[in-house]
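First up is the structure itself, then whatever we jot down about it.
As written, the chains take the letters A, B, C and D, and residue 1 is the first residue of each chain.
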Amino acid sequence: MAKPFHKKLFEKIIEGILTLSGSITSLAVILIVIFLFKEGLGLFNQSPIAKGFVLVVNKNNPVNTLDAKSIKNIFDHEITNWKKVGGERDTIILFYLDDINSIYTEEQIGQNLENLPTLFSNLTDSISGIIAFIPKTYINSDFKGKVITTDNIKVSKFLSGKEWFPTAEPAAQVGILPLILGTLWVSIGAILLSLPLGLAVSIYLAEIAHPRVRNTFKPIIELLAGIPSVVYGFFGLVVIVPLIQSVFNLPVGETALAGSIILAIMALPTIITIAEDSIRTTPRSMKEASLALGASRWQTIYKIVIPYSISGITAAAILGIGRAIGETMAVLMVTGNAASIPHSFLEPVRTIPATIAAELGESSQGGMHYQALFILGSILFVITLIVNLTVEYISSKQKLAKR
Amino acid sequence: MTHLDNEFIKLRMQLFEMWSLVISQVEMSREALLNFDKGAASEITFKEKMVDSYELKVDRDCENLIALNTPVATDLRFVLAVLKINTDLERIGDFARGIARFIKKCPKDNLNPELLKVCQIDELMKNAIEMLTDAKKALEYENSRMAISIFSHDDFLDDVHKHSNKIIAEYIKSHPDEIEEALNLYSIIRKIERIGDHCNNIAEEIVFYLEAKVLKHSNKKKV
Amino acid sequence: MAKIETVDANLYYGDFHALKNISMKMEENTVTALIGPSGCGKSTYLRLFNRMNDLIDSTQISGQILVDSEDIYSKNINVDELRMKVGMVFQKPNPFPKSIFENVAYGLRVNGEKNKTYITDKVYESLRQAALWDEVSDKMNKSAFELSGGQQQRLCIARALAISPSVILMDEPASALDPISTAKIEELIHELKKQYTIVIVTHNMQQASRVSDFTGFFYLGELVEHGATAKIFTQPNNKQTENYITGRFG
Amino acid sequence: MTLERRKELERSKKRSEKIAFGTFRAMSLLVVGILFVILGFIIIKGISVISWDFITKMPEDGMTKGGIYPAIIGTFCLIGGSMIFSFPIGVLSGIYINEYASNGLVVRFIRLMTNNLAGIPSIVFGLFGMSLFVNTLGFGDSIIAGSLTLGLMTLPIVIRTTEEALKSVDNSFRQGSYALGATKLQTIRRVTLPIAYPNIITGLILSIGRVSGETAPILFTVAAYFLPKLPHSIFDQVMALPYHLYVLATSGTNIEESRPMAYGTALVLIMIVLFLNLIANALRKYFSKKVKMN
């Protein structure tokens, strides 16, 4: 009794659909990689100078190029002499577009600003220490000054830069070190808080608690995992932040510590569930053997159960860190979001995800800021990829060892 | 040396102890016959009781060995052989006691040596004892050729037994006053012949144990 | 004086009456085998003697369970100490994820032994007693998982011996092993009998008959018959026992 | 070892066990306590705000008065949209991995990718959704862009749930079906899926909970800061509960005055999650009873 042809065809079609669905996640991951990097990588072809503007100096000035950092320092009055940036000893005189009104009268400028190019040209020519930040359109072919060139943003500078002012003028600062450190501080703080707590709870639930207690606690902890992160953030904002502020007597309560505490609570269910599952895989007979040798329950736990499930516990810890690093909303709401390198847990910090969430709305599509945020997203993606691969590696080793 | 090996050694020792006892019974019955020694006769009866208890013990040990250790192959053949040899030995002991009983019950205080002579009692007994001892040795040394050689001894016993009715009849004709003794002696000859048969069986069991060959009901000459 | 004795021992798992009025005596330096169909309570009974049933919740026990004439369920008994006196070997070989040496030393260490030479001597002695020494003497620091199943089980026996128990409980110690390894374990039991009192639960009746001096037949939580193994296996008193050992059960 | 020393050792063994177990128990109670504090706090603060008007009215006066109706509707739109996308594909993918893919490298690779997808932070999904759906495909900030982003994010959960549920179906059922001459597809449709579906459903409900609470992925793909009207098509923007809570808590026009509204919104959000959890648990119990009865 052969199956009719159309039925066979039908099965083949269904199989095709299933295969396609099976590859959807791989496809999604690949798409995510492509789009993140496509949007982000343009950053490294960008000049840090705001679009449409240039920096000009006196043509006798030996300085030809300036990096973003020096530009910022010059305009922040931190560098006041050309000597510092490789020029001759000469005081730096800053000139913004708006300053033109205080130097020239409206008549001189002209009704339609038609005289501006000539004025700029004269200005840069007459003042030897000048550096002017002006729109590109006002530079004529007979411009007497010199246009300063700036290097494109470099990967190394991007990673090691200590300042994050992507909207700063004249030169944006896109150093992500404070963000990376902020993320690490908050995450490490979170894991320091949640790992001991999570391990204790998983050991308690798996080995010590009465089944009835376990059956009550487990759903509660699952519920803890279900609460949305904004709610955690909100709770942190209205309860933990004021608490920290008053306990440590701080001007503001939004600190790395607040973020760590909230993240610790959020990472708890992940750690507890995975660690408990792993602890429960310890064969009963092995525990019984230990007890039969006169070991107490506690000795059995730390001498047999924990060593046996150590790889699962490690996986739990790593996944917990992964969760903490990627968490956005709660952290955004409680850490204060100051993009400076933190020195203690009681300072405001800004994490990578929080930066993206807070700033993407303000950035213009395709602009440098936008690209920088996508690069941050890519970094986040790579970090979580590493976390997942590590966990995968650990658990595959665990399976191998236990066979 | 495994636990099971130890069990087999114990069983073997017991069987040999019993065997020696039976041999001594038969030897004593020979002496009692030849010397008409009533004291030896009662000793045989006493030994018979020991043999009986040995028999029960060996029986039980075999049973336990089978029940508890489920022996197989050579182990199983050994236990089965021991079980049968045990019965044969006990029967042989019975025959020795039968001889002793005749001597004890006999109202006279000696037998006519001529009667013993014509009946070849001494030779018969010697032969039987030899068979019994050889069989024991065959098992002790686990030597099947030695066991097979026993079959030829049996021929002599059969032969004497076959002709003994004529000889006894003639003896009765010449000595009408010794009819009762002569008839009793005839039954003793028969008993000795039966001892030989049992020895034969024992030899067969030994060959079965050692070589897993069944010689029963076959022509032993060919072996 | 019996080494182990129970008088009217009853055990309940919740509502389930798992052991019913078991009274039994086990003499020193004997091997007692507990046989019976699955779920008959023989393993539960075995686990009374080192209070392994304590680990299961809602277990209730009544009656007297005596080891060395001491009621081991009385309040002033230290369970850890009891378990040192009453060693146990499990159904499946269950070495710890540690080295061979550390597996055997475990019992000593958890019970506070710190003297290194003592531990080493004791470990070696136990391995010799368990007839494993020749096979592992050159790989003491290798993982116990590298041993074969039979070797692992002997390692577990050595592990139990290291804390110098006087009683050894064996819960189907050879059921996961091949015939050769099984034979080795059985041979070992015959050796160990000289120093220890052994109680063994087994599904394999031949094994019970081979290794034990006394046999108890359990059925539906009751001790149906108890006596010398030779007696049980040749002329059991009880029809149920006979049916079970002859394989005509049910 | 002397008896004295032995006793001392036993005592210290007992003592350290007591301390350790006591600590563990205390820590567990602490964790459960945290949950009750969070829930309790939000319920107590929020319960007085909740009213029929709160649920059915538009926000007013710079979101300091009125209700959160559009946010609730928006969230349900997003739940619906993302489920339409992720359920069928996720379940099919789960079936493929567990029933079709021949064990080996392919399955390992797919599983690895699924795990990776599950581990990607939600904000990265937000970036991706903005780049692909909003900009490249030109959907703009819209329900469809948000739904697709959320759907992509829940995909790994759905796949894993399905896979676990199918894995727990005993192989003997499949073999029994094959032995009667059924094809693979027939076996899956008539034997495997019916047995597995209670677990699949439960898992799906829990994944809805995840969708309803996510903020980061919808930040740049759909969520509107303030939009006091209902959407007309899938290309409209909507408000959503979690984002609304974020706005009320951090960047409303008058944070102090909108606090009560924030508590109310948080409570509604939690109620939805709690409700879904309850349903999932009830279903789990119901199905396991049914299985037992059979």
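Here, a residue touches a chain if its C-beta (ideal position, glycine included) is under 8 Å from a C-beta of that chain, and two chains touch if they have at least 3 such contacts.
Since this is a predicted model, take the numbers as computed values, not measurements.
J.: When the contacting C-beta pairs are counted for A-D and for C-D, which pair yields the higher total?
T.: Here the pair linked by more C-beta pairs in contact is A-D.
J.: Determine, using the mean of C-alpha atoms as each chain's centre, which chain is farthest from chain D.
T.: The chain lying farthest from chain D is B.
J.: Where the CA atoms of chain A average out and where those of chain D average out, how many Å apart are those spots?
T.: The mean C-alpha positions of chain A and chain D differ by 24 Å.
J.: List the centre-to-centre spacing of chain B and chain D in whole Å, with centres computed as mean CA coordinates.
T.: 94
J.: Could you give the separation in Å between the centres of chain C and chain D, each centre being the mean of its C-alpha atoms?
T.: Centre separation, chain C to chain D: 50 Å.
J.: Can you give the whole-Å distance between the Cα centres of chain A and chain B?
T.: 104
J.: Could you list which residues of chain B touch at least two other chains?
T.: None at all.
J.: Which chain D residues touch at least two other chains?
T.: Correct list: 13.
J.: At least two other chains touched by the same residue of chain C: list those residues.
T.: Where chain C meets two or more other chains at a single residue, that happens at 80-81, 111.
J.: Check the chains against each other and report every pair that touches.
T.: Those chain pairs satisfying the definition are A-C, A-D, B-C, C-D.
J.: For chain C, which residues count as touching chain A in their complex?
T.: 50, 52, 55, 57, 80-81, 83-84, 87-88, 90-92, 94, 96-98, 106-107, 110-111, 156, 159-160, 163, 169
J.: Residue numbers of chain D touching chain A in their complex, please.
T.: These residues of chain D touch chain A: 13-14, 16-17, 20-21, 23-25, 27-28, 30-32, 34-35, 38, 41-42, 89-90, 92-93, 95-97, 100-101, 109-110, 112-117, 119-128, 130-132, 135-136, 152, 155-156, 159, 183-185, 206, 209-210, 212-216, 219-220, 242-243, 245-246, 249-250, 259, 262, 266, 269-270, 273-274, 276-277, 281.
J.: Would you tell me which residues of chain B are touching chain C in their complex?
T.: My answer: residues 2-4, 63-64, 67-70.
J.: For the complex, give me every residue of chain A touching chain D.
T.: Against chain D, chain A makes touches at 3, 11, 14-15, 17-19, 21-26, 28-29, 31-32, 35-36, 38-39, 196-197, 200-201, 203-205, 208-209, 217, 219-224, 226-235, 237-239, 265, 268, 272, 296-299, 301-302, 319, 322, 325-329, 332-333, 353, 356-357, 360-361, 365, 373-374, 377, 380-381, 384-385, 387-389, 391-392.
J.: Which of the residues in chain C come into contact with chain B in the complex?
T.: 183, 186-187, 190, 206, 209-210, 229-230, 233-234
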